Amino acid sequence: MELPRRNPVTRRWLALSPAIVVVSIFMILPMIILLVFSFMEADPYGGVDPGFTTEAYVQILYERDFDDLLIFDPVYLNIIGRSVLLALLATIGCLVLGLPVAYFIARQSSRTQSLLLYLITIPFWTNLLVRTYAWILLLSSDGVIEQPLKFLGVIDESLDMMYTNGAVAVGLIYSYLPLMVLPIYASLEKLDFRLIEAAHDLYADRFRVARYVIFPLAAPGIVAGCILVLVPSLGAFIAPDLLGGGKKLMLGSLIQVQFASARNWPFGSAVAICLLALVMMMLMYQARIASKRRRETGD
Amino acid sequence: MNPVINSNIAVSVRNISKHFGGGKELVKALDGVSIDISDNEFFTLLGPSGCGKTTLLRLIAGFELSTVGEIFLYDEEIENLPPHKRSINTVFQHYALFPHMTVEENVGFGLRMLNRDPTEIKRRSMETLELVKMDQFANRKPVQLSGGQQQRIALARALAPEPKVLLLDEPLSALDLKLRQAMRMELKNLQRETGITFIFVTHDQEEALTMSDRIAVMSAGKIQQVGGPMDIYERPINRFVADFIGDSNFLQAKIESVLDNQANCLLSDNFSICTSLVGTHPTGSTVTLAIRPEKIKLNDESTLRGDIQETVYLGTDTNYIIKLNDSTTITVRDQNGVTGDARYSKGQSVGLHIPDSSVRMLAD
Amino acid sequence: MAKKKIYKIGDYPGLTGWTVFFFAYLYMPMIVLVVYSFNESRRAQIWKGFSLDWYVKAFSNDDIQSAALNSLIVAVIATVFATVISTLAALALARGRQFRGQAAVTGLISLPLVVPEIATAVATLSFFAVIGFKLGLVSIIIAHTVFCIPFAFLPIRARLQGMDDAYEQAASDLYANDWQTFRYVTLPLMMPGVVAGAMLAFIISIDDFIITLMVSGAGSTTLPLYIYGMIRQGITPEVNVISTVMLVLSIIFITVYWFVSKKAEETG
């Protein structure tokens, strides 16, 4: 008599184990270490010293004067505020730029659609550092934008576009624009065009069609796109560093500096944990919206 | 558990149940099914979607394991054998031709896996392709073929290893009507030529009636009736079978008297019908009689009368929806005259003649 | 003759213009970069005349060559690891029945996608500091393997999910055992997904900057790190040249990827 068939469960977990082990050891464990570090004392030469303290978190809001008194110091709060503001600005910018384009693409023939999607994904897969660097050529004094303006006599002096919040925002929008367009496109592409015809048939003009039919149906894509842009914008390093010139610090640069030149690992860890918490909250919000929508539409 | 040796039985399914899910979600796809399928038989599993016919086929093929029960292939229990150790091949519903292999490689795949000699594989593949008249397409890829051609390749691929039993899972459902009708005859001929037992799954009653030696009608995970095409059509055992195969009128009748297992039943207008007693209905009880619409004749002399409520033109025939005097409605199918005109019109009062032999008492 | 006004349903005024502007915004910086890589001037953003001098200079720079070699070593090894790990995981997740913990495992594998890169970077650095691991090419390879896993995983799983399991059933119906089914049917059919996944992993690894910056040590400078160093020292046309080369390589790579995945769609 033949043996009963081999248990596929063992084989499944065997195949999953390399991925689980690698991600657990090199991703989950480091996160835990980061959390632990944020409650330790800073070593002036980099790294951490043993001992439990909440000093790193206190430091985000307060400064200690010579008498060891806590004085409210908004310098880091300003950085967090600027990061959130710039990330929101970048998200709105991407949405305004990307939504009409996503709709435009979704309405093309499938050949054109695939060509346009290809054109949108190209910048996404090319080196972010290189792409951001290109903006220096454009924005700097006597750069590619200013030169012709000066030549034509539109401006006499430099516009000083570099090293401003605006420059950082432009860089951020540029960095993450494809991440906004693709999910919105994905939800619009599934949109049954007959719904738009039906709305027109029922006396809606094209703007009310947009308001009552297209936007609501694109909502899951819009939410996903916003999260996809907001999350990396918050922790962005390259755009603020190159286009903000280190003067317009954002969370990403603040964390990086603590682990590199400023050498306050616990403080850097604490800021990173705050960033992670912020991001997790946004992702949970998105997951809740997505599951609510799934329940409503019943897929 | 040593079954009686009976080499005439190709596949024996014994008390098979298959449950999916659990708790409140429990679905009984198969519920205590037993059938014996004879050697060299064209056997059809017929039923609506969700009746369990495909599940039964997949259990025989070995793609699923039953919850309880046993399956025998020529008296060998095969429940514990994986699909690749069963001498059973399947023609899949959407063919499942390997897209990365040529037609010949597809057809030769089974023999290659059985470690046959390469020259034999080649010879046998070409032979099988000739059998399905596809030998000139040996070097094509499946995407370069039409639906009907892919269907033939799928058939050839399943036949090439000369299995003991061939399973066909609604293989004609993806073809258009004309092609489907042509393939019916070809499948039937192929079965006779090869002498392989065919188990054919379909939801199409016409397909089942035209090709099969025997049919099992299934519903809700159970076998409702097994029999030859004529048995199934002329002598449906219950309401489901009578309703699923062809059209039927269901009339309530009262049993007046029973003599020699022949029951005398009364319909509207005290019209009496004599038919064999089925089941254990006592005298005086109400039973359901099934009558095919085309067996009722419109005849003005008859005492059973009704008014034509609606006429539906069907081309060759006309359907008359008639309301009897006791308010039940009955459908009568009557052939149109040479000019195509219907013989009666709406609102007319007609007499109906129901021959005794056309009536079937239902067990339920 | 008066022009008939056509009301096109679903069309909005200015939509085409907006799309043109959008693509101009997306591509102008890259075009400027390519054009200025042929600039003769020493100052990167001031156009003086056409020249290939900076290409010659960049290609003969030993530091650039060794940085490129480092990038290549890291990307190739990380890609191989990430692809093998992801293929196994995708097979386990996309084939066979659903199981408890499936969502959790999928979430775990996708984790590197959702955690901000800077957090991953400093967390990985802290981890290496705790275990006393010397920073260098090996630490970069480990870090790259981890964040390349989801990028390799997603196309492979998508391919497997799009593949009808009837092919595998047909193979086992035709006497192929589990290994033969995998070897002759599953593997060839999933191959376009594996290739696509590997290519994505490779390009993600080649492009990575911030994580590499944190976990690199002396002598393990990769190309993006080198470019960053040059930009910090002041922009010269040499930066434009390397940037252009990286840009063009990425575009070639992603174009090939595009065709591979399109072909995969057609055959699948």
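Each chain carries a letter (A, B and C) given by its place in the written order, and its residues are counted from 1.
Here, a residue touches a chain if its C-beta (ideal position, glycine included) is under 8 Å from a C-beta of that chain, and two chains touch if they have at least 3 such contacts.
For clarity, every value in this text was computed on a predicted model and none was experimentally measured.
Of all chains present, the one whose mean CA position sits nearest the global mean of protein CA atoms is C. Taking each chain's centre as the mean of its C-alpha atoms, the one that lies farthest from the centre of chain B is A. Interface comparison, B-C versus A-C: the higher number of contacting C-beta pairs is recorded for A-C.
Centre-to-centre separation between chain A and chain B, using Cα means, comes to 59 Å.
Centroid to centroid, with C-alpha atoms defining each point, chain B and chain C lie 54 Å apart. Once the centre of each chain is set as its mean CA position, chain A and chain C turn out to be 17 Å apart. Across the assembly, chain C contributes no residue in contact with two or more other chains. Residue positions of chain B with contacts to 2 or more other chains are 82, 85. Residues 164, 166-167, 169-177, 180-181, 184-185, 188-189, 267-268 of chain C are the ones touching chain B in the complex. Interface residues of chain C facing chain A in the complex, by the touch rule stated above, are 9-12, 15-16, 18-19, 22-23, 25-30, 32-33, 36, 44-47, 84-86, 88-89, 91-93, 96, 99, 105, 108-109, 111-112, 114-127, 129-130, 142-143, 145-146, 149, 153, 203, 206-207, 209-210, 213-214, 224, 227-228, 231, 235, 239-240, 243, 246-247, 250-251, 253-255, 257-258, 262. Those residues of chain B lying in contact with chain C across their complex are 61-63, 82-85, 88-90, 92-94, 96-100, 109-110, 113-114, 143, 157-158, 161. In the complex of the two chains, the chain A residues touching chain C come out as 8-9, 11-13, 15-16, 18-20, 22-24, 26-31, 33-34, 37, 47, 97-98, 100-101, 103-105, 107, 114, 118-123, 125-131, 133-138, 140, 142-144, 147, 174, 177, 193, 196-197, 200, 206, 209-210, 231-232, 234-235, 237-238, 242, 251-252, 255-256, 258-260, 265, 268-269, 272, 275-276, 279, 283.
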